[in-house]
Structures are given as C-alpha cells and as structure tokens.
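Both complexes below contain chain A, partnered by chain B and then by chain C.
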Partner chain A sequence: MAGISVTLICGGAAFVIMDPSLMVVVICHPVHSALYLVLAFLGVAVLFLQLQAPFLAAVQVIVYAGAIMVLFLFVIMLLGEDKPLPGESRLGLQLPLAVVFSLVLAAQIGYLLIRQPSRGASVAAGPVTVIGGEEVAFGSVKALGNTLFTQYLFVFEATSVVLLIAMIGVVVLAKKRL
Partner chain B sequence: MPTTYYLAISAVLFIIGVLGVLVRRNAIIIFMCIEMMFNAANLAFVAAARDLKQMNGQVFVFFVMVVAAAEVAVGLAIIVALFRNRESVDVDEVNLLKY
Partner chain C sequence: MDLLSIFWMVVKVIVIFAGVMTMVPILIWLERKVVADFQVRIGPNRLGPFGSMQPLADAVKLMMKEDITPAGVDKALYFMAPLLAMVPALLACAVIPFGPTPWARITDLNHSLLFSLALSSLGVYAIALGGWASNNKYSLMGGLRSASQMISYELGMGLSIIALLMVTGSLNLREIVDQQHLYGWNVLRAPTMFIAFLIYFICGIAETNRAPFDLAEAETELVAGFHTEYSSFKFAMFFMAEYVNMVIISALATTLFFGGWSGPGVSFGADVLQSLARGQNIETFIVPTLLGVFWFVLKTFIFLFIYMWLRASLPRFRYDQLMNFGWKRLVPISLANIFVMGMFVAWRSGWFSNGGAS
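Then we have the complex of A and B:
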C-alpha cells in the first residue's frame, strides 16, 4: 500500500515537472514561462524528498524557486519585455530540425537507459554511518554536512571565491559605461 | 521507484530544456531553459547518489546550485547590458560575430 502511494506521488511529481517545463518552452509570455518554471522546480524538490535529500529539497525551494526565479521576474519587469517577440514565428527550417535533433538525443538516452539494467528498487532507508560515536542515516543533513566540511572543505571555500568573482563581474557589467 | 525512472524523468527534463534553447528567440526564456537543464543534471546526481549510497552526489548538487546562482547573476547582467545597447532581448538581433 505504501509502495503504491509512493509511486503515485512520484508519478504526480513527474507530471508536475514535465507539464510546466513543456509550457515554459511553448508559451509566448515570458512572465508565464517563469511562473511555470517555478512549478517545475517545486516538482523537482518533491523528487529530491523522495530520493532522501531533504536538505537539497529545501535549498531547491528557497534558492531556485525563490531567489533565482525572483531575479528572473525582476529582470523581465525591469526590461519591460513582457510581450512576445515579433520574430518568434519566423523560425522556418529551424523548428523541425530542432525537434528532430531532440528526438535523436531522446533516442540515445533512452537506449542507454534500456540497455543498462537497473539494480532494482533501492532500499527505503540507507546504510547508517557512525560519526563521532553517533549513528547518522544516509541523506540526513548531518551526513551531508559531514561530507561537505571534511572531504570537500577546500572546494567549499573555493565556491566563496566563485561567488565573489561573480559579484564583481555583475557590478562591472551593470555600470552605465563599460 | 527504481533509479531508472528518476533518470528517465531527468532525461526528459533535459531534452525539453535543449528544445527550448533551440526554438526560442527570447534571451530570458533561453536562460530559463538552461536552468531547466541544470535541474535535470541535479536530479540525475541525486538519483545516482541514492543508488550508490554515497553522499558525494548530494554535495555535488550543492555546488552546482552555487555555480548556477553565480551564473544567473552574471547572465542576467549581460542581458540587461544587451538590452541597453540594442533595445531588445531577441538573440537574432545579436549577430555581430555571425559569419
């Protein structure tokens, strides 16, 4: 019974991802596209929860669906580009070509997925590691933090430099005269 | 749910993103489709992390999110600078480097 409900939730989440993400591509209005993309990000957050990544699900909602999409909506509002572009309809040969290439890509990935047999359904609860005499379950915030601040400490510090450089770049780009 | 299902969802999300980049002309929407592809990669990372029972995949997703945030800030600044010069976000009108 629990397995069926989990499958239903996952199928619903998959639908909630695919439907809005298609709408992002199909719909003309940029603001509507952005709002549909928020819906798709929330669906991905649900899948993260199912995949035992509660912290990443929270970050997905706060950073992606929250901060990044607000930035997008702010720029759309700032530029006043909320009308469909006049040139969107004159794609010509590019539209069928793009669909064909996407189908080729889908066939390749699908072939890989079918040829590589899955190891079957994973167990519900992951193995338990012991950190400092305390049992920590797979996917918990504690396990993530332990990996992040021991094995990946240098990379974690390096991301601060990435963010600093991005910030300087944006300030330079946003100046009136380049 | 076996890991293959999650990878299939991730693949579909990625392909929709690719299709969006190919068929749209609005720079902001192209950018949103790139974000969609980032999310597809993140989903594949988390699915693989659970399949292999390794926390490394989830840490990688964390770093991908950091880089995505920096990339969005820079990209949107470029789009704003583009709009100042061209009065448009149509990528067909940005063709100085073409041919």
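Then we have the complex of A and C:
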C-alpha cells in the first residue's frame, strides 16, 4: 500500500515536472512559459518531500516559486510581453549542443536504470543522522542546520560573502549617486 | 489508515473549512460596523438584527451581477487568478492547531510553519497574474505594486519569525503552542519578542494588502487596482481570499506569539491525549477542545479587530514610503532583533556564566 502510493506520487511529480518543463521551452508566450516553470518547481518540491527533505521542499517553494519567479514575471510584464518571440533562427550553435547534452543525459539515465536493480525500493524508512545522542531525520531542519554550520561552515560563509559582493556590485552599478 | 479515520478526517476538513468560510461574512459585517462606529455613522442596519444579514444580501447581489470578460484578456489566466487567490489561503488552515486535541486540527506536520510560509508566498501570483491578465494598465500597475510589496514584506516577516524560532526551537505549530501552554506566551518569553511580534503583524497587514498598505487598490490612483476588470463571483473570490488571508495571519499571530488555544480552563493536550488513548470519558476531551477553540477564536478576533481599527485610523502609505519602510526600517530592525535574541538564547543556556563553556 505505502509502496504503491510512493510510486504513484513520485510518478505524478515526475509528470508534473516533465510536462511543464517541456512547455517552458515549446510555448512562445513568455508569461505562460514562466508560469509553467513555476509548476515544474512545485513538482520538484513534491519530489523533495518524497525524499524525506521537507525543509528543501519548503525552501524550493518559498525561494524559487514564491520569490525568484515572481521577479521574473515582474520583468516580463514590465518589458511588454505582447509580441511572441520569433521562434526560430535565434538558436544557432545552441541547437546541436542541446542535442548532444540531451543524448548524454539520456544515456546517464539509461545507465542508472540498468545498473540499479532495486529501483522500486521505498525510501519511506529514511536515513537517520545522530546529533548529540539524539536521532534526527535526515533532511530535517535540525540535521541540515547542523551539517551546514559545522562540517560545511567555511563553504557556507564563503557563499554568503560571494552573494554579498554581488549585492554590493548591483547597488554600485544601479545607483549613480549614493 | 482505515476507513473510519479517513471519514473523521473528511469531517474535520469540512468543519474547519466551513468554519473559516463562515468567518468571511461575519468579518465583512463586523468591519462595516466597526468602521461606521469609528466614523460616527450607524452602518448597515436594515437587514436582520443590527444589519447582520447585510453580507448575505451583498453576496446575492454579487452573484446576480453580470460576469464580464473584457476584450483582450488572457482567458486562462484571467479565470485562474481568483482561484489562485483562494486556494493557498484556504490550504493554510490545514496546519493551524485550533485546539488542544487532534480533533481541532487537520494535520500535525513537522514543518508546518514552513508550510504556511510557503503557501503565503504563493499568494502573490493571484494578484500579479490577475492584474496582468486583465489587459488594463491600472490593473497591471496594481498587480506589480502588490507583487513587489508582498515580496519585500515577506522578508521582514520571515526574519521576525526566525527570532521567534530561536526561542522555540521548533517549526511545528502544534509543538510551539504546547510549549506556550507550559512556559507562557511567547511574547513574554524573551525581552525583545514583542518587537518580533510587531514586525510580524505589520508585515502580515502588508501581505494581505490591507490599509494602510492597500496600495494595490489605491482608488485615487489606480481605479481599483488589480481587480478593476473583475466582476460578479470572480470579484467575490478575490474579496473572500483577502478576508481568509486576514484570518490566517491573525490565527498565526495567535498561534506563534499569544499561546494559541491555551487559556484559562484548558487542560494540557497530553493529558487529553492519554485519556483519548484509554478510550474513556468522552467529555474529558470534548470540553477542553471546545474551550481551546473558544480561546483561539477570541484571540484571533482581537487581531482582526486591530486590522479594522488600523483601517479606520490610518491614511494610506505612499509607494516610496512603503518600500523605504519595509527595506530600511523593518528589515534592519528584525536583523538587530535576531542578534539580540541570539544573545538572549546564548545567555539563557549559560554561555556567559561559566567561562564560555556551553
């Protein structure tokens, strides 16, 4: 019962990701394709939930679907989206590159499918990490925070400094007069 | 999950959703009465006792109106926007613990606070898309204003909640309320918690696009903002979503800072749970549940009254004032608040008393 529902939800989420991702590229209307991208993000959030990572799922929705894509839409709406983009002759070198990379990706997926016999295995049990003698579910806020602020502290802080530099750069570029 | 528990789940969902939806007409009536009192008017007084049937008449009027679809709209999005406003607003009810027992909540997620934040961040789409799809400059301006406003104030809200989380140490709304039942309301648990609450509530008002932050529908500049082109039931959906969002923000304020269902006469949830497990004395958990729900609703209504109070008292912000206030005042204050709260938590767990050893 649980196994079936897990498979069903995973399959559904995969469909919810695949279909809109295709639409993002195929559809010529910028606002619509941005919205399909939001739908794809929501599907990814469901997959995170299935992988026992509720925090990542929530962050996916809050940051990507709730903030970044809204800014995308904002820009698209302000720039005037009425004319559909001319669909062809803009791609140039991208087209053959895209074909090559898709083939590589498909090969990788195929390899994984062949290599891994237990692809129907349920992840319902969920790995567990131990923090201070207390068992904490992998992917919970506690486990994630503990890893970020101990093992990967330097990388974490370095990333935040890089982001800060980007922000300062934007302010300097955008504001003529500070 | 057997059939019986699924049945009870469905019953709970229906009762809680119906309860929240019933709040909408009550609030509309209350708001008209309260604002009328502030302006020394009488307010609605024809239909029913104290005009209490007025929202019903309003609803009938709205549904009888012609459902207009203006020329040149993006049909699919134009229809979808009111639904997008309504659904996240209602979904947030799923995680709020209305009372001490499992009877008064739908789910008990481990990260329910994040869930409600995620839903509130999706509410932006309704307004941005509704404004854009209407094919009207005023609507577009209203939608864009509102989208940027909501994103800016979400930041302040998130930061104020972080200050709270450092004290509670849990993202589970049920656990947060249980703690408050044991140790007292969160606003009183740390010295600067009241600042966190104030920032949360200010941002909540901005998130729901209510006065004095109702720039999305500033009628002096934008006709009616993002819902200029909406009529009939689609307009009613936007309207209801706004009120449901108000209820959710107030309910979360109650849950996070003011003890949720906890109040005089409510025994602790765990005792009730034990007696429920033993399967005895139905009245031992019916009474606390109802009493808890009563306190919860009472506290929520106090915050809803503050909403109306502010609407009647304050003039609307100017757009640049709004952005400055959000980014240059609220965000730095909440960052400072997080720092102070961190110091408090560190002091409480004894970092400063025994030579820095924790």
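To be clear about the criterion, the second predicted complex is superposed on the first by the 131 of 178 C-alpha atoms of A that agree within 3 Å, B and C clash if a C-alpha of one lies under 4 Å from a C-alpha of the other, contacts with A are read in each partner's own complex, and residues count from 1 in each chain.
Just so it is clear, a residue touches a chain if its C-beta (ideal position, glycine included) is under 8 Å from a C-beta of that chain, and two chains touch if they have at least 3 such contacts.
Quantities reported herein were computed from a predicted structural model and do not represent experimental measurements.
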*Go through the superposed model and pick first if A:Leu22 touches only chain B, second if only chain C, both, or neither.*
first
Chain A contact check, chain B vs chain C, more residues touched by chain B
**Prompt:** Which of the two partners, first being chain B and second being chain C, lies in contact with A:Ala67: first, second, both, or neither?
**Reply:** both
What is the contact status of A:Gly12 with respect to chain B (first) and chain C (second): first, second, both, or neither?
neither
* Could you look at A:Leu105 and tell me whether it touches chain B, chain C, both or neither (first, second, both, neither)? => first
Next item on the list: Pick one for A:Leu78: touches chain B only (first), chain C only (second), both, or neither.
Entry: both
Does the superposition put A:Leu163 against chain B (first), chain C (second), both, or neither? first
| request: Answer with first, second, both or neither: which of chain B and chain C does A:Leu148 touch in the superposed model? | output: first
Which holds for A:Pro96: it touches chain B only (first), chain C only (second), both, or neither?
neither
The intersection of the chain A residues contacting chain B with those contacting chain C is 55, 59, 67, 71, 78
Listed in rising order, chain A residues that touch chain C in their complex are 31-32, 35, 38, 54-55, 58-59, 61-62, 65-67, 70-71, 73-74, 77-78, 137, 140-141
In the complex, the residues of chain C that touch chain A are 74, 77, 109-111, 114-115, 117-118, 121-122, 124-125, 128-129, 132, 140, 143-144, 147-148, 151, 154, 158, 171
As the complex stands, chain A meets chain B at residues 6-7, 10, 14, 17-18, 21-22, 24-25, 30, 33-34, 37, 40-41, 44, 47-48, 50-53, 55-56, 59-60, 63-64, 67-68, 71-72, 75-76, 78-79, 81, 85, 87-88, 91, 94-95, 97-99, 101-102, 105-106, 109-110, 113, 118-122, 126-127, 138-139, 143-144, 146-148, 151-152, 155, 159, 162-163, 165-167, 169-170, 173-174, 178
Chain A partner, complex, touching residues on chain B are 1-9, 11-20, 22-26, 28-29, 31-33, 35-36, 39, 42-43, 46-47, 49-51, 53, 55-56, 58-59, 61-63, 65-74, 76-81, 83, 88-90, 92
